[in-house]
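Each of the next two complexes has subunit A plus one other chain: subunit B in the first, subunit C in the second.
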Partner chain A sequence: APNKCYEQKQYKNGLKFCKMILSNPKFAEHGGIVSCERFVYVCFYFLNLIGWHVYGLLQRSDKKYDEAIKCYRNALKLDKDNLQILRDLSLLQIQMRDLEGYRETRYQLLQLRPTQRASWIGYAIAYHLLKDYDMALKLLEEFRQTQQVPPNKMDYEYSELILYQNQVMREADLFQESLEHIETYEKQICDKLLVEEIKGEILLKLGRLKEASEVFKNLIDRNAENWCYYEGLEKALQISTLEERLQIYEEISKQHPRAITPRRLPLTLVPGERFRELMDKFLRVNFSKGCPPLFTTLKSLYYNTEKVSIIQELVTNYEASLKTCDFFSPHENGEKEPPTTLLWVQYFLAQHFDKLGQYSLALDYINAAIASTPTLIELFYVKAKIYKHIGNLKEAAKWMDEAQSLDTADRFINSKCAKYMLRANMIKEAEEMCSKFTREGTSAMENLNEMQCMWFQTECISAYQRLGKYGDALKKCHEVERHFFEITDDQFDFHTYCMRKMTLRAYVDLLRLEDILRRHAFYFKAARSAIEIYLKLYDNPLTNESKQQEMNSENVSAKELKKMLSKQRRAQKKAKLEEERKHAERERQQKNQKKKRDEEEEEASGFKEELIPEKLERVENPLEEAVKFLIPLKNLVADNIDTHLLAFEIYFRKGKFLLMLQSVKRAFAINSNNPWLHECLIRFSKSVSNHSNLPDIVSKVLSQEMQKIFVNKDLESFNEDFLKRNATSLQHLLSGAKMMYFLDKSRQEKAIALATRLDETVNDKNVKTLIKVSEALLDGSFGNCSSQYEEYRMACHNLLPFTSAFLPAVNEIDSPSVALNHTANYDVLANEI
Partner chain B sequence: MERRGEIDMATEGDVELELETETSGPERPPEKPRKHDSGAADLERVTDYAEEKEIQSSNLETAMSVIGDRRSREQKAKQEREKELAKVTIKKEDLELIMTEMEISRAAAERSLREHMGNVVEALIALTN
Partner chain C sequence: SRIKLGDVTPHNIKQLKRLNQVIFPVNYNDKFCKDVLEVAKPVCFDDIAVGANPKRLYIMTLGCLAPYQRQGIGTNLLLELQALNHVLNICEKDGTFDNIYLKFGSEIIETKKNYSKRIQPADAHLLQKNLKVPSGQNADVQKTDN
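Up next is the complex of A and B:
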């Protein structure tokens, strides 16, 4: 009875049974003392066994998987052939990706129950995941043979089994076998499209090109917009000349006159005059029709300057002509273009010039379009984007707000508006904007967290970070991390479910996705911000208010201090009352919801400790917290140089020289010329020379490996070489200049002059990079240089008159100095005084 | 699995996890009436215990013996690898140095040291790659 209970998830009842057995006095009356003793022993044995099993289940439900595995192993010592325990153990092993352990356990399950199909499938999957394709295929074939499905019957589970089997064959590069296999069983496979795609792929691999080309032609007939089919067809036809390729696209376009792809793909291939001809046709058709995403489909051509100028010429001519005579060019006749054509042309030009960085012109075009059609959302969307690129984020948010007001039932534009508000650090407004679509009864922030709305949360993280509100930012970072934990955790139930339903391909895909889950950009953003913040908090830990007042009283007279303090206290009181009011309101709303949620959360794990911003930003060991976020990046995003540079910054502060070495070596292998890496290398080398008491072994490793990077150069020459190599790139000049000052403070003038160069030879004088330079002038990288900063700001303002960061310091929120505030609380209050 | 709470009006088309179709061919049974409970009942059933399907086969014996052979070969190979590594002598201070400097577990540090024949400098160089 206890066993049955926990198989049906009635754990509490199972424990009740155990208690019953123990406490029931009737058992003592049965057949004498001897049998009673034996019965008691047997009881203890079972209770022990059940105890370990149940303890394991409890550990599992608390997500303590390692502990649970230990419990199960203990239970197995008492009863090594216990089916239920073995099953539970196998689930944990696959969850923790102990693939060899999983295979072992599944072998035991197979021995115990060779007639159960899950035994075979589970064992086969274990081999597949361990990349032992031979064994996996043997098992799958044995199993397939036991599935007596008549050849004319369509059975979904059998179809999935065949497709899974075929997938394993292809992964094992057994292309001939895979082709024969799929041809044998294709009538019983439900997914007919997939069968064709597989055939095409294998025929290519086997070099049977004529047959492959037939398959791809059929696929294109089915769907003329799939670029992969065109790729396959070209490989199959082994086309060498451009003419042949264009011929094919022409033919297909005739057969499928409405398809966009056969018209779009040639544009990437052809150069010069031919391009002009094709582009002219393509553009006219799409402008007449009124195709909003036209620019987006052509954007990928903009790496080619010749094509860009051809496009520009064509479209600006259309615009001029349409304005005067409603034709694409002045000497045409036939049907006149409707007024909307001009609209889409102007819309296109706005995006075109925006891409080229000619913002003034872009605004002219978009404003002309708006003047003629003031209710079209797309126009305001693009206008907002232009302002974003200019660097005036408040204006951008304003225009995005205008856009969403034109259709308040459209959640896409609502979300975009919220995002633009967050970029402008308007967090409250963004939350209000989202609340128009979130659930009633909870705050938008909470609901969006519940819905795992990570785009919103990551934007909040950045906004809080810019405002210096580290606690709030960290709270969101941890919320995002928890989503990833939940997504990983949720796969647990699918280990049994998928095997039961035979959706094996989807199951293996799920496992593979979960393996690399934290490679996702959302995790990277959250982790990167968390690490940056913890580094800042390590460098400048937050002090509490009394200490702050101590520091200030040195510079200010007693009377002024008293005044300031009382003002502070009043402001604090006011803020506190406001907080309390909001808090009370929220509590009222949430009280009703809490009862419901408590019931739901009974089964959930107990790790949901509340995230409190003030606590998070005063954590004892910020570097250790940073490392927690770093580890998945090191494992999964090792190809991104920033992973290693962030790692370096952490280990630099921890004083772990070999880990610093590891970080720079890995970064160096990715891009030895990266500006941030250059700074890390110099700081690293300096630090090594300053530490003379390192263990011998460590010193040996360091000198041997650093030799490969620095090649006997002294640091000044290393820096000079870097500057010479990158004389036209502002990003690199900035890094080199910073290091010049770092290595020799007396060269401050020269270093600043280098970083603030704005002559024509410097290439990347764009908004982002110029802001970076100005921030460096303020944050101490060049020492004290406020007058040089002012000069630079004015020069940048002349270059980029619309960019907020370089406007004369009236608006605090946009200026770079706010982002450098470390003691957020005090400064917010100071602004209110 | 937790229930996520009600789905807003903005989202449609709840995912149905259960496809209890016994009929052959692609015909699907008539659509169930859509509810706003996000298929919560179906989600609950995911973890239900179900008796595993049995297979009929008379020829399991040959298959099982092939498996048995393969397994004993795997075990042997594994044991041999472990034996080779165990022969290598390693120093305790080297092990601890690796653990502190590289912030890795004892097991990982030990493996690395053994794979480099006890040469701590080489082990560290490899670990910093």
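Up next is the complex of A and C:
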């Protein structure tokens, strides 16, 4: 704006504007305000330049990078060779991934300062990122030649330069050149292992298999546990038969008798009798030695039912024998097994039967192990896991607590215990558990947020969600989102730092990581939960508490009203105590915060407004908030069907038909038989037919595309087909049944009967799925059906007697609004026993 | 050998408590456990706590989990004590006491009737091992090994 004023000769306004900028206390030092208007002409030039530069810096510190770039460009119009501004501009451009702009700016910097090595490097990197490998390599080679490092000298920065250069060659598929290059300079490369690995990779690509095999053999000699080296060796030797492969493993095993990998890999490959032989050997060695992660190492074989039964036979026989005679089998002699062998066998069997879903047996074995050795933490850890799989989360937390109490210096088991407590919705207890390791003086929640401890925060999100505490959950979702923002933001300093330190490979890796940062599972979890909650809040917005209670008291008898009022009074009293406690806590925290704030004043980032649960859960436009979380998922996690189904749910409520169509199409391409997708398709189709007033072209596109999916079938037949196709899968039956009711409420009985099937033909009658069905019976998907729910609960209880969700409720639930808060029911149920 | 001696710290003291609970018929209270922090040594077999020996001069408890007995763990514990004078009361239980302590050179000083109020048989022998100031005649005693 000051520039415009200058151009239009509106000096007075221009001056006013300058005064405004410069009166900001942050840069009062950039003085030069001259009151005398005779000098305004000259001063304007410099003020503008400084003004724009400084304004740009301000914007940058406020993280408004786009704006900052504009400011810098304006400044450059006045002084196009200003080095400082060009440098600052380049940093912003790479931060915002304006690669073309970055390249231009770096070109200018190179012209201005050709002797500075950062100029060359920066320019080369720009071409590399733009995938113009030729230019990048030309520049890097030019630059390398200027480095003049004598061939017998080892210089880390030069070594990194060589390796970076080589990486660019390989990305450009210039394998021959890359090989020659690395052979030429290998003596000056510090990372000797990497040199070998690169050689191996390239020799394979060039088809020089004999040489490649030599390289991989050497690599295996260095480290016999790296599976990649075995892969490389097999490719190099063009191994085709199983026998040849086994031979290699045998040889390597002889050379490296203590290596696990050459004994483990064959187990994946061989079938039947051969497998039994090898497995027997493998197990005996590891049980004798005492190898706690043995089951984990073998777990990946459990998709193969034949192998599973062989393992079971072998290990149960060991157990029976060791109990009587200290040998793996009754007719052996030699050295007896120490008592720990039986222990590890029982530990293994507990995990084995847990994996197979035979929880009673699993508990028997782990309890036998605990009886013999009650000091071993791993045993309690597994016991807790078994209870988790059973679905009794309180019991699981209890045993995990026992495990951590045996070694309170072990942060791993402490964290596991906190996680199990969160799964059991014991949020306060979990926080207390973490506080044993978090910083003194702040609350654990705060410290864990500061430390970006996202595993904890995402588990909290789920726990709050289950408890219906949407505000608290959303707060944590936003905290996680902020971490991702910060991690993206923090790369800024590395643009200068890495150039200076020449750690170029790491730098490029960092840029590439930041490009896909929100692909990480933590972001997905937070985003998914946030979207689910915002959808719920859109469907059932939270109103004033008292209003809701007014509505309730109208339909309620005097006795019940009295009960309700006394409950209210008790609740208020409790709330008051809680309030006082919170107040004391807050005061303490505020003292800490003030201290922190004084320290952190320089680092003001400006955007961190406080996250208040009550405000978050009463937000005006929940769907808009949901979309904010959705967008990175659509960009980065498009291969996960849930992304598109969540998108559908949002667009469905927004009434955006074409976006709904886009979502279901993408989901359909990933897995057309997905149960949730099936429900979305039917609801979508119904919605389209209900909306007769859509613009012509939209209707045309919709019917054309839906034709491909529904193929002329009416919705009922489409649903019937789905049910027939998936008759043995409870998940699918549930979805089909829900849609049956949705399409025709008169078929309620039949639909419920379908969803509650528990006969042998149904495959996935596991804890998770059965709980899903019972939740559906309660949340209105099948209308009013409390008696059917009760029947179902009893039947599930017979099937899974230990699972908390199906245990009979002792207390009666007196809240009249059952449907809204069915999660509270589960809390009650879970509290039993 | 796979037997090692570990240290008792406030972090793993519960393992020691657990061992005492399981091995000994008598329950020791929490104060005992606190005092024990200075001198107790749990014995680990492959890093699993299986045996414990809490008190130095007067041996209050020395024991090993049942499945791990007869593996040389008790011997290991007593080897630690070799250089110390020690004294203990031991209750006769199926005549199993005539063993490790005597092997290490302890002597029965006296027998106390009805020593224990809680376990049967109630009698106890007082065993003591004294190392005199090293001189020629006692050098053998010190060098006793198993």
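Everything below uses one rule, namely that the second predicted complex is superposed on the first by the 743 of 833 C-alpha atoms of A that agree within 3 Å, B and C clash if a C-alpha of one lies under 4 Å from a C-alpha of the other, contacts with A are read in each partner's own complex, and residues count from 1 in each chain.
The rule is short, and it goes like this: a residue touches a chain if its C-beta (ideal position, glycine included) is under 8 Å from a C-beta of that chain, and two chains touch if they have at least 3 such contacts.
Remember, it's a predicted structure, so these values are computed and weren't measured experimentally.
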Touched partner set for A:Asn333, first subunit B, second subunit C, both or neither | neither
Does subunit B (first) or subunit C (second) touch A:Tyr107, or do both, or does neither?
-> first
Can A:Asn784 be said to touch subunit B (first), subunit C (second), both, or neither?
-> neither
Of subunit C and subunit B, partner touching more subunit A residues | B
Once the shared chain is lined up, is A:Ser689 touching subunit B (first), subunit C (second), both, or neither of them?
-> neither
A:Thr241 contacts which: subunit B (first), subunit C (second), both, neither?
-> neither
With the two structures laid over each other on chain A, which partner does A:Tyr497 touch: subunit B (first), subunit C (second), both, or neither?
-> first
For A:Leu406, select first, second, both or neither according to whether it touches subunit B, subunit C, the two together, or no partner.
-> second
For subunit A, which residues are in contact with subunit C within the complex?
-> 290, 338-340, 342-343, 372-376, 405-410
Which of the residues in subunit C come into contact with subunit A in the complex?
-> 2, 9-12, 14-15, 18-19, 22, 45-46, 48-50, 65-68, 71
Going by the contact rule at the top, pick out the subunit A residues touching subunit B in the complex.
-> 7-9, 107, 110-111, 113-120, 123, 135, 138-139, 142-143, 145-148, 153-156, 190, 411, 437-439, 450-451, 486, 490, 493-494, 496-497, 500-501, 600-601, 603-604, 627, 656-659, 661-662, 665-666, 695, 697-698, 700-701, 704-705
Contact residues on subunit B for subunit A in the complex?
-> 1-6, 8, 10, 17, 19, 21, 24-26, 46-50, 52-57, 59-60, 63-64, 66-67, 70-71, 94, 97, 101-103, 120-121, 124-125, 127-129
